[in-house]
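Common to both upcoming complexes is chain A, partnered first by chain B, then by chain C.
Coming up: the complex of A and B.
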């Protein structure tokens, strides 16, 4: 085998190896990126006639789930009564809403209007 | 929120029901107590007191039932009720019908003084008072009167 041919083979081999390394790297970062962009879920507990936590900061795209741990029915209604509105949640019932846009989302329980809280979407 | 803010009070979505309900509960309970006393003491004055308490209790059931139904429509948008809410609604309606029935018995006799009040009204009044108490208990539980704040 002459040296020119060997150089070519080595060059092609180097390109193939570099390609594999590059692809593997890309796949890894894609997986990491997918993990970062995975939809997040945060839970708010309704207990003792209050929402906990009363103020929650989440990133856009986060799904917030309210769970009623109280003995009495509650609702989860945004202050403008349009953005989100649950039915009456009995003990153990859940309601979820995904916040896609940044902003401040105050809400309350329509059965007990003194129960107020807010979601801050960043 | 100002305690004398009329707009807030009038537009509150279910506050009127919670406020008004105390009147028929108190009036009907008093009416039943006076009627039992009147029966026991054979006292026409006590019977008259019972009648007028019952009259006012009956009148107050109308706005109470109306505001309760409005609260259901506004706060819960008329959704199908279940659990305590449904029980409260059903017991409230039965209580109201019993109050109206007891009042009808009394008012019929009042229009015909030659007749005397039937004895069977007493157990009906007792059952009605019991149901009123039970409905009120569930209502208090729902309103969170025992809750914080």
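Coming up: the complex of A and C.
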């Protein structure tokens, strides 16, 4: 094999490798952006007559799911009683709401109104 | 806490501050006698052994509460069975009660089938009539429409009402609707206005009995055991010589006298709840099966006309 041919092959190989790297890179960044746009879900647990965590920060577009682990029914109701309002959640029941707009969303349990918490959407 | 009751066994009425606070599990048995606005307490054992004389009255009624039909968790997997035991206890009373008050939380989840079971079970009660007020568990998803349709016929507003029996005036109040974030039980302006008018026509000598689900006094606000606008309601009752307030919600007996007003909470027929602040939350208290029935019960109230006497007797299902 003469040196000219070897250089040519090396060149081809370099291009192929670079291509792979480029493709991998593109693929990687595509995956990352897809992840950013994918709906995120965050869980809030209701235990011992309280929401945990009591203050939750999420990005706009996040879906928050509450799960009731207590032996008594609870509800998840925004303080204005309009933005979101769950039915009574029995033990193990879940309720979800997707927060699309940034802002502060205080909420409570309308059965036990001393149970208060908030979602901060950024 | 029981010492407050024992202290009063001397029959010397309440202390000079006009304030008595006592608490006892239904199993210990307490009888409270209201005489001209003064509460005397006796151990139920003494009453049954007739150490305090025979208690006669013009009117006797029974309070049952917090049946939570539909609840099936560890604290009591068969709440219908314990309700039936409570009914049997009422039916065993020497004098059948004129009527029975159910002070709310008939059901666990406001389901039609739960209301059905409750109503069906109570048909065996030997009494002329049953009066109801809703608990927060009875108004869960429809603001009380199902409860109202079945148990609130002929009532005012969101379900409040009054009636007269043997010279005493009975008032059923609703304090479990439209609860606000961070708040307690709530009566609301419409009900308060109605109450003011309802009692305006009565003579101050009329004995008043108020019943509602959530306590109308601050038992333990941290757990929501109180009613935001109860003071306003009670202010309309200040001129009356004898006022008795009967509540449920906290699944344990507790009594307090403030001036002319005697407060009393009843046991649940379903499951006990912890004493204020004695647990992380007011959720159902899990107790050994053999202990459960001593923590459930009924309340028997005996009213003697002319003497302004109202005797409140708690008895457990054990």
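Quick note on the criterion: the second predicted complex is superposed on the first by the 94 of 122 C-alpha atoms of A that agree within 3 Å, B and C clash if a C-alpha of one lies under 4 Å from a C-alpha of the other, contacts with A are read in each partner's own complex, and residues count from 1 in each chain.
Just so it is clear, contacts are C-beta pairs under 8 Å (C-beta built on N, C-alpha and C of every residue); 3 or more make two chains touch, one makes a residue touch a chain.
Quick caveat: nothing in here was measured; it's all calculated off a predicted structure.
Taken together through their common chain A, the two structures put chain B and chain C in a clash.
Shared-chain residue A:112: touches chain B and chain C both. In the overlay built on the shared chain, the residue A:79 is in contact with chain C alone; chain B does not reach it.
Of the two partner chains placed around the shared chain by superposition, neither chain B nor chain C is touched by A:43. Of the two partner chains placed around the shared chain by superposition, chain B and chain C are both touched by A:90.
A simple residue count on chain A separates chain B from chain C, and the partner touching more is C. Note on the superposed arrangement: chain B collides with the chain C stretch 80-88, while the other options among 8-16, 26-34 or 80-88 stay free of clashes.
The contact surfaces that chain B and chain C form on chain A in the two complexes overlap at residues 48-50, 71-73, 75, 87-88, 90, 110-114. Chain A meets chain C in the complex at residues 48-50, 70-73, 75, 79, 87-88, 90-91, 106-108, 110-114, 116.
Only residues 12-14, 74-77, 79, 81-85, 141-144, 147-149 of chain B touch chain A when the two sit together in their complex.
Chain contact summary for the complex, chain A toward chain B: residues 48-50, 71-73, 75, 85, 87-88, 90, 110-114.
Chain contact summary for the complex, chain C toward chain A: residues 71, 73-75, 108-110, 136-137, 140-141, 179-184, 221-224, 280-284.
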